[in-house]
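Take a look at the following structure, please.
The chains carry the letters A, B, C, D, E and F, assigned in the order they are written, with residues numbered from 1 in each.
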Amino acid sequence: MLHTVNKSSFERNSLQSCLNTIDDTSVILLIEDGVISAANNANSSMLSDLATQGRVYALQGDVDARGISSKVADNIKLVDYAGFVDLVVEHGTAVSWV
Amino acid sequence: MKISIQINEGPYQHQASDTAYLFAKAAIDAGHEIFRVFFYHDGVNNASRFTMPPQDDRNVVNQWAELNIKNASGEPELVVCIAAALRRGMLDESEANKNGVEGNNIHPAFRISGLGQLIEAGIQSDRLVVFGD
Amino acid sequence: MATKKFMYLNRKASYGTAYAIESLEVVLIAAAFDQDVSLAFIDDGVYQIVEGQNTDGIGMKNFSKTFHALGDYDINKLYVSAESLVERGLTADDLMSLVYEDEDDDWAEKPSVKIVSNAELTKIMSDQDVCLSF
Amino acid sequence: MKISIQINEGPYQHQASDTAYLFAKAAIDAGHEIFRVFFYHDGVNNASRFTMPPQDDRNVVNQWAELNIKNASGEPELVVCIAAALRRGMLDESEANKNGVEGNNIHPAFRISGLGQLIEAGIQSDRLVVFGD
Amino acid sequence: MLHTVNKSSFERNSLQSCLNTIDDTSVILLIEDGVISAANNANSSMLSDLATQGRVYALQGDVDARGISSKVADNIKLVDYAGFVDLVVEHGTAVSWV
Amino acid sequence: MATKKFMYLNRKASYGTAYAIESLEVVLIAAAFDQDVSLAFIDDGVYQIVEGQNTDGIGMKNFSKTFHALGDYDINKLYVSAESLVERGLTADDLMSLVYEDEDDDWAEKPSVKIVSNAELTKIMSDQDVCLSF
């Protein structure tokens, strides 16, 4: 499955909720304000394990818009909208943590 | 692949519709089919032909219209939920007449229909992706 | 028409926003399509099915009774996150008693609500074809 | 006391407008003056005369209209931000004409004006209360 | 000052943000989904000190709508919309943690 | 007209929602009213004034440069929560350099951004007459 998270983990509980129910093969794509969780910050540990496993992506355009491209945590992969489409195609059911 | 999209928020207030548009465009560019875009909740507000953004800003409504997403019969597959639309003041000519309202505001690239269209999109498409708040 | 597994993911309380009521409106329509339907109530979504809601004071429609209609439409898989309940100081007794009649068991009345752990919910979600989020 | 209100969200999607309405009504009942209600962000969508809720639901737009909040000159003090309104497809007759759009949707109990009206409300009122998402 | 909080402390960070900057004389009014924080639950400790000081209110109509009127934590005072108006009048500047 | 203390409370990042840009639009109008204006950036609101925003990839207007205009309108009290910055792994160096010319000090260029603790912010907020939240 592909899980998309579009809100900051500082503002909302959606990333935590996603992590509570994600299975061992699914991946996460951070979009919109969700990319705030891609930066090195006090919440980074939430995603570090999954990132090490290569299972965390972030939308490049949203990262750049928020001025945090130099701060993206290790092992988080940046994708463009074409990459977003590829993730949807490759990972089966899409779950949005809106 | 056949991909459908659900949009839960209106234009300008939330990024949902912008992201969904860029996603849909990228999917089409990659050779996929956008089977249907279903506008629900405040998402119905994306269909207003009254929308007049500033000159230096994108026009979210026209962007969708220009994607020209239609089915084999030539009907638009930008579908606005009728129940959500009526309570939020989005009317096409037929609904305006039914309700005795002078005027209407649905852009002709969109059509109003029922929630069944969302379920059907889920059934007929290989993927359904939701964009919201 | 193919049968798919549809999951309705409900994470928000009723009344503060329209997601809850408009999610329920979709579910009721979905019943006509003869698909496999599951509802998940997690996070503040669990408040949607708390017993004893009374909206007289806020001028909004109390639609909580409508959940009782789901059983009549063969929608009887309502999964509630146990962890979400505990965090919110709620127990099974605080939830509405939602039931359905099991046609495979001489129309015996059975509960539609199942309280499940996040681990169980993970498995249920992994099995879905379509997830509609509200 | 003179009280003004800012509303940031549209009707039906968020409770903001409902709460603000019940607050305004209670303030009036208690003998206070609602100096102005300023609709900003998606709040502008509260002013649509096209809004057609189901029979068994409240009509948020009419509720506001019936409060009949006007100033000494008889102008409505339900004020819709013009910039936020145009980009969200809320037009009165004058803006529709200026923009070459056929039709308009602002309820006559509301008027469109600039953001200065919000600042002025803050200055002139004893209290300003914000309702939002 | 009167601080209004309209979102659940489980979903958003707004109640915590309010508590981070509230002064010693201000009061909090929980409205809309904010009343979820008025119930006895895992987040109750956030408000218990202020409640003991009589500085936490919740809007009765919203509490009733969410079916949690029997669960309201000790010392949280319930008010109706007229009470909301009185709080606005009595406490000076109103700050909304939207 | 009376002079009041107006506080603009910004708690959300730009682009994900319109609150940031539409808050800035109010502030620019407010300048014409000759009131005492303060802006607070707390929580994800601090991202509004991070240096180096580039919106080419998302099709939205990059309005961050507009913050530089505030100094010209005598809006020069931009308070940023120190705790919010630290939590987000940001420092003063990550923020745009926003300045104004101090007419009481021979038009010397001075910083408009002040990083303050939550305790200091509490005092500043307690002093306000009107708080507009975005």
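Methods note: a contact is a pair of C-beta atoms (placed from the backbone, for glycine too) under 8 Å apart; a residue touches a chain by one contact, two chains touch by 3 or more.
What you see is a predicted model; the values in this text were computed from it and never measured.
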C-D or D-F - the one linked by more C-beta pairs in contact: D-F
Recurring contact interface, reference A-C, options E-F, C-E or A-F [over half identical by residue number]: E-F
Distance between chain centroids, defined by C-alpha means - chain B, chain E (Å): 38
Intercentroid distance (Cα basis), chain E paired with chain D, Å: 26
Whole-Å gap between the CA centroids of chain E and chain F: 27
Set of chain A residues in contact with two or more other chains: 6, 10-11, 13, 32-33, 61, 80, 93-94, 96, 98
Per-residue multi-chain contacts in chain C, two or more chains: 11, 15-18, 43, 58, 60, 129-131, 133-134
Sites on chain D at which at least two other chains make contact: 8, 12-13, 15, 19, 22, 41, 57, 83, 128, 130, 132-133
Complex contacts: residues of chain E adjacent to chain C: 6-8, 10-11, 32-33, 36, 39-44, 60-62, 64-71, 80
Touch list for chain D against partner chain F, complex: 6, 8, 40-41, 83-84, 114-116, 118-120, 122-123, 128, 130, 132
Chain A contact footprint on chain C (complex, rising order): 9, 11, 42-43, 83, 118, 121-123, 125-126, 128-131, 133-134
Residue numbers on chain A that touch chain E, as the complex places them: 10-13
Sites on chain A touched by chain B in the complex: 4, 6, 31-33, 59, 61, 80-82, 84-86, 88-89, 93-94, 96, 98
